[in-house]
Every structure is written in structure tokens, then in C-alpha cells.
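See structure below.
For clarity, chains are labelled A, B and C in written order, and residue numbers in each chain start from 1.
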């Protein structure tokens, strides 16, 4: 299985061109559009979302990961083997959190290049063909490498809103398993207690819960949390004992 | 064929995770993304759209239907057999209109549960695996059931705007076959006569017609009806003889 | 391979219904969603985007192309063979630029009709079934035809913004291979020089470059060009020697 994780958006011409390459070079292999609205250009947000949304996939899955504002410049292309899954994409910090949390890890710089490589669309021209080789058991020309560390200090977990979903829920960079259920969160002006799910709070009440991918998510029963609590992508989250 | 009918939106991580489950549990079965912008949480709107947009599919089609604000709470999971097609989803009224119009109907409560069931994403964890079993001819563990009736009185047809499409057209809950062609509609301040299609009215003129799924749809030739007539989802529609 | 190029938008019920037809009539054939946000109803914009975004596909590819404000009226349905690829859609100008640039060209009026043809959704009812026949090597009932010429004079290249992508980049109707690298563009109030890619200009600077599909595209390094330069779809582009 090949899985796409990008900031390409949907509707426009980018996702389809990647699919077209894969339909030719990896026919009959399922291709899953996992996430195409990772916040644009936001490598850090993507880096904390990546391990949460790619966990649980079977061994051998190949992820094509593209949040790549430096495309066409100096940044390297890498292939990351983490816990029996493959990740292909730019070496710009995108794989940093994933690598930190992996039990087994091997990194490679991708040396292989296609006959035609555009300056601005390596997802189509480089990463998708590499993914097609990998699902067929072929290893593209690579060299051992270590990932370039990201410039700023990135914490273990990121107490920030990374994504507002279609329902107005705010997905954060915090792993719920690391937070006691008595912890309260502060975001915008609101203080939020834990609840297991929507029906445990009254209509209109905000709360935090462990979402289906293990992250802390902020929601309001029967309303849009982003609107009602005035939450935006990038907002910091405070934590305190209740 | 497995067909998805949800309020998940596109671009975010929900549709892809359902596809990933199906790629593993029902490989080589086509999966169609029929509708992912059913108005969020609006069970009634979804219930009237469902029979219109799922008609015409071949016998044996399995529909995964998720508009599920009560996920994680008390509501049951159901499997509805209607006219030789299968519908899997929450027992919250979503299947009420479909069931009322079916010629043959059998309802089951789904007892089967996966090893891991999140509190907030039964589309991925419960309904998709049940669909995979059904397309393989396997019946999950079920008990006979009747659908829980919806609380309010739901009319035969719903004289309301249920969805504004990408072109600004307003899709309603009225079946066109039940309206005489001489009927005029009133929505917002506008009175609208019937026309067969766009080219039968002059540019800028509003009209109603039978859309390609049998519902009354309100449009303006060469303009966005929602903008020009000031129509929003939820608006009531009046009907009167011309 | 069948490739979809439409103004249907995503999330709503139109793309999925086309896929459902193809899953039944062309099972196991890959279907690629290339572009579903071609500007609504804008036949001219679509006509200049079409050859750029469909180049590079293998011989035998069948494109279903639907930007069709005149659906249900007098316009003919056509099948265009251009350079060993097939294009199916309305005869309303959509194929005009493609045909003008083709080395080999044959046009046919589609006479075949399905048993059930809605007035408003020929993409599902007519064009998709024709595509399914073509990928199976079957020729639907057709008559030789010439394309109806578009009414206004359409230039060789269109110096206009045709599409703003998910990143705020402005895609134009100009082929980059026809512009000297010393040419400057004027759009909105801004004058823009050529650069090969983002990393060649400083953060916040606008430039034009050859995008991965051969068109002139206007971008700003690390910002949204559409916002920062105040560019909208339809804006004219001036060209002058630097």
C-alpha cells in the first residue's frame, strides 16, 4: 500500500498527477489519500501529525510525505525506514519526530533521479517513482545518511493547535497517553477538562479527549470548537492540574 | 462495490483512514467516495439525501453511511438491507427515510465489535470492517432490530434546502416526480417556475428542475443561485399553483 | 487509464457518481482525479489548462473532460483523438486549444446514447460510459465532425491568470517555453522577473517561473502570491523586456 501525506490540497492538479504516476509505475497497488490538508509549508506541524496519522499501518507500507517549501533548492531527498515502514520525502525536519520515536530506524539519502525532474514538483517526479520502486521490492540508489536536525528546539510533544478539522475540532501536537485525565487545558480564554467523548458533556460545552489517532483534541459537544472557543491553528495550549 | 456517504469533508484525515482499512480488509473491491460533504451533524438532511443519491447502484452494493454526532454514546450500530443493497451506520434516524421508501427491508443491530474500537471514529473501526465482511459474503454477528424512530415528525418529502453544491445550486428534499410541472416554488423572496434545463431560461433567470438524482433543485442560468437568490442550507420552500 | 478533468468540485456528489459508473463499466481500470476545480463554467480557462495538464500521459489514455454550462441544450458531444490519446466531452470550445496544438487530430460527434440520459449530468450518463467503451477498445457510434469554433478570438497563448492553487500561486495560460527568461511580467501593480525556483529569490519576493506542467506561474517565496500581490483569477498579464 502507498499512502499520501501532503499539503497539496484537494481539487487542484497535484494529487491527481501523483496518482497518475503511481497508476503507471505501481499498477494494482492501492494508493490511499491519507491527508492532503496538512497546514501549508508548516513542516513542524506536519512533523508532529505524521507519527500519529501513520501509526497502525501494516509493515511494508510506503508513505509519500510532501511538505516541501524548499523544493528545487539544496535540501536532500530521503528515505526513512522506521519500524518496518517506509517514508519518502524531503529532508527538512518532516521526519524528525517520527525518527525520534521510532524503535528501529535507518535513514538514506536518495541518489536516484528520474530522467525528467521538474524544479517544483518532486512529489510527482521523484518521491512517487521511488515509492513505486519500494512497493515492488526494489531499492533505489541511496547512500546511508542521518537526518538533518531541525533548527529550533522541538519539544517531545507540541502544546499547540496543529489542525482544525472539518467539524471545527482542534487537533494538537500532544499525545493523550502522556496527559493525566485530571489535567486541564487552557486555549484561547477557555479552560477545558477531559471527557471520554461528546455525549459525556452537555451541549455547547468544550472538553478535551483522546482522538482516534492518540492525540489530544479539543471539541465542543454539538458545536464547532474553533468558532465557539475562538481557536486557530498555531494557538498555544497551556496545561495545569485541576 | 463499497460506497462512502459521510459528513467527513475531504482533505483531512478521516476519509483516507477508512480507505486504508478497506484496502487491507477488502482488497481489490472498488471503493467510491460518493458524498463527503453531507451537512455536518445534520441527520435529517442526510436522511433525505441518502435514498436519492444511493438509488441506481447495483444489487449487493454496500454503503458506509456516517453522520454520527452521537458516536461513542448510547446509539446502536445498524445494518439495513433495503432492496438488495446494504447500508451500515448509526441508528440515529439516518436510515429512516430510506427504510420508509424501501420495498423490501430488514434491519439488524450490529453486535460484532473489533478488537480496538475508538470512542470517536466508528466509521473507521466498526462500519468499514463490517462493510468489508459483507462484500465478502460474510454476515457479522447481528441481532434482528427495528430502527429507532426519529424524534420529530419527518414529512414524506422535506420542503427545505439540504445542500448547496459547487455551482451554487440548491438541492432540496423534495422528489420531483411528486410535483406537477405547473407548481411554483417560493424560496427566499423568489418565485420560481419549472424548466427542464438551463438553456430553457434566459441568462440570470432562476428556475427549478428535476436534478439527475430525482430531487427538486433550484438553479439560475449562468449564475450561482445561492448568491443571486440569497439561498442558504436550511431555508424552507413554499409550493403553490401558478 | 481514465482521467477526469472537470469543474465539479470535490466533496459533493458528482465525482463519486462518475466513479461509480466507471467501477461498473470499466472495472480494474485506474481512474485518476486529475483536476476537479477548473474554474466553474469557464470554458476558455479550461481550454488553455487542458493541454498543459494532460500532456505526458501515455498513449491510449482516455480523458473525460467536463466544463459544460450548456448541458441539456443544443451543444454536441464529441470524441477527440489527439496524439494517440482520447478526449470525451462537450463541443463547446473546451477542446479548441488542444486541437490547435495537436500533431495528429481526429474529431467525432458522439451519436451513441445511453438508455437513460439525464438533462443535467452528461458526465455520468454519457461521457463516462463512452470512456468505458474506449478503454475496452470499443468505438461508440460516432460520425466524423469538426469542432465548433469558439466565438471570440482566442490567442495562441492566454496572458491571464486561470487558476489560483492551494498555495496561492497563480497559474496562467502562457507557455513558459515561448517566453525569454529576460521577460518581465506585470500583474496587478507588480513587476516580476524570472527565477528558476523559490530558493533563488529572497523570502517575500515575487517572481515567475516555469511550473511543472510547462505554464508560466507566479509565486512569492514563503508567502501566498494571490494575497501578497493581490492577484485574482481573470487578471490580465502584461509582458515587457526588462
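What we mean here is this: a contact is a pair of C-beta atoms (placed from the backbone, for glycine too) under 8 Å apart; a residue touches a chain by one contact, two chains touch by 3 or more.
In this text, all values refer to a predicted model and were calculated from it rather than measured experimentally.
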{"item": "Angle (degrees, nearest 5) of the CA superposition of subunit B onto subunit C", "value": "120"}
{"item": "Interface composition of copies subunit A and subunit B: same or different, split at half", "value": "different"}
{"item": "Centre distance in Å when subunit A and subunit B are each reduced to the mean of their C-alpha atoms", "value": "30"}
{"item": "Where subunit B touches two or more other chains, by residue", "value": "9-10"}
{"item": "Contacting residues of subunit A [partner subunit C, same complex]", "value": "7-17, 19-20, 23-24, 27, 40-41, 69-74, 118-121, 124-125"}
{"item": "Subunit C residues touching subunit A - in the complex, by the definition given at the top", "value": "1, 3, 9-10, 30, 32-37, 53, 57-58, 163, 165-167, 196-199, 209-213, 222"}
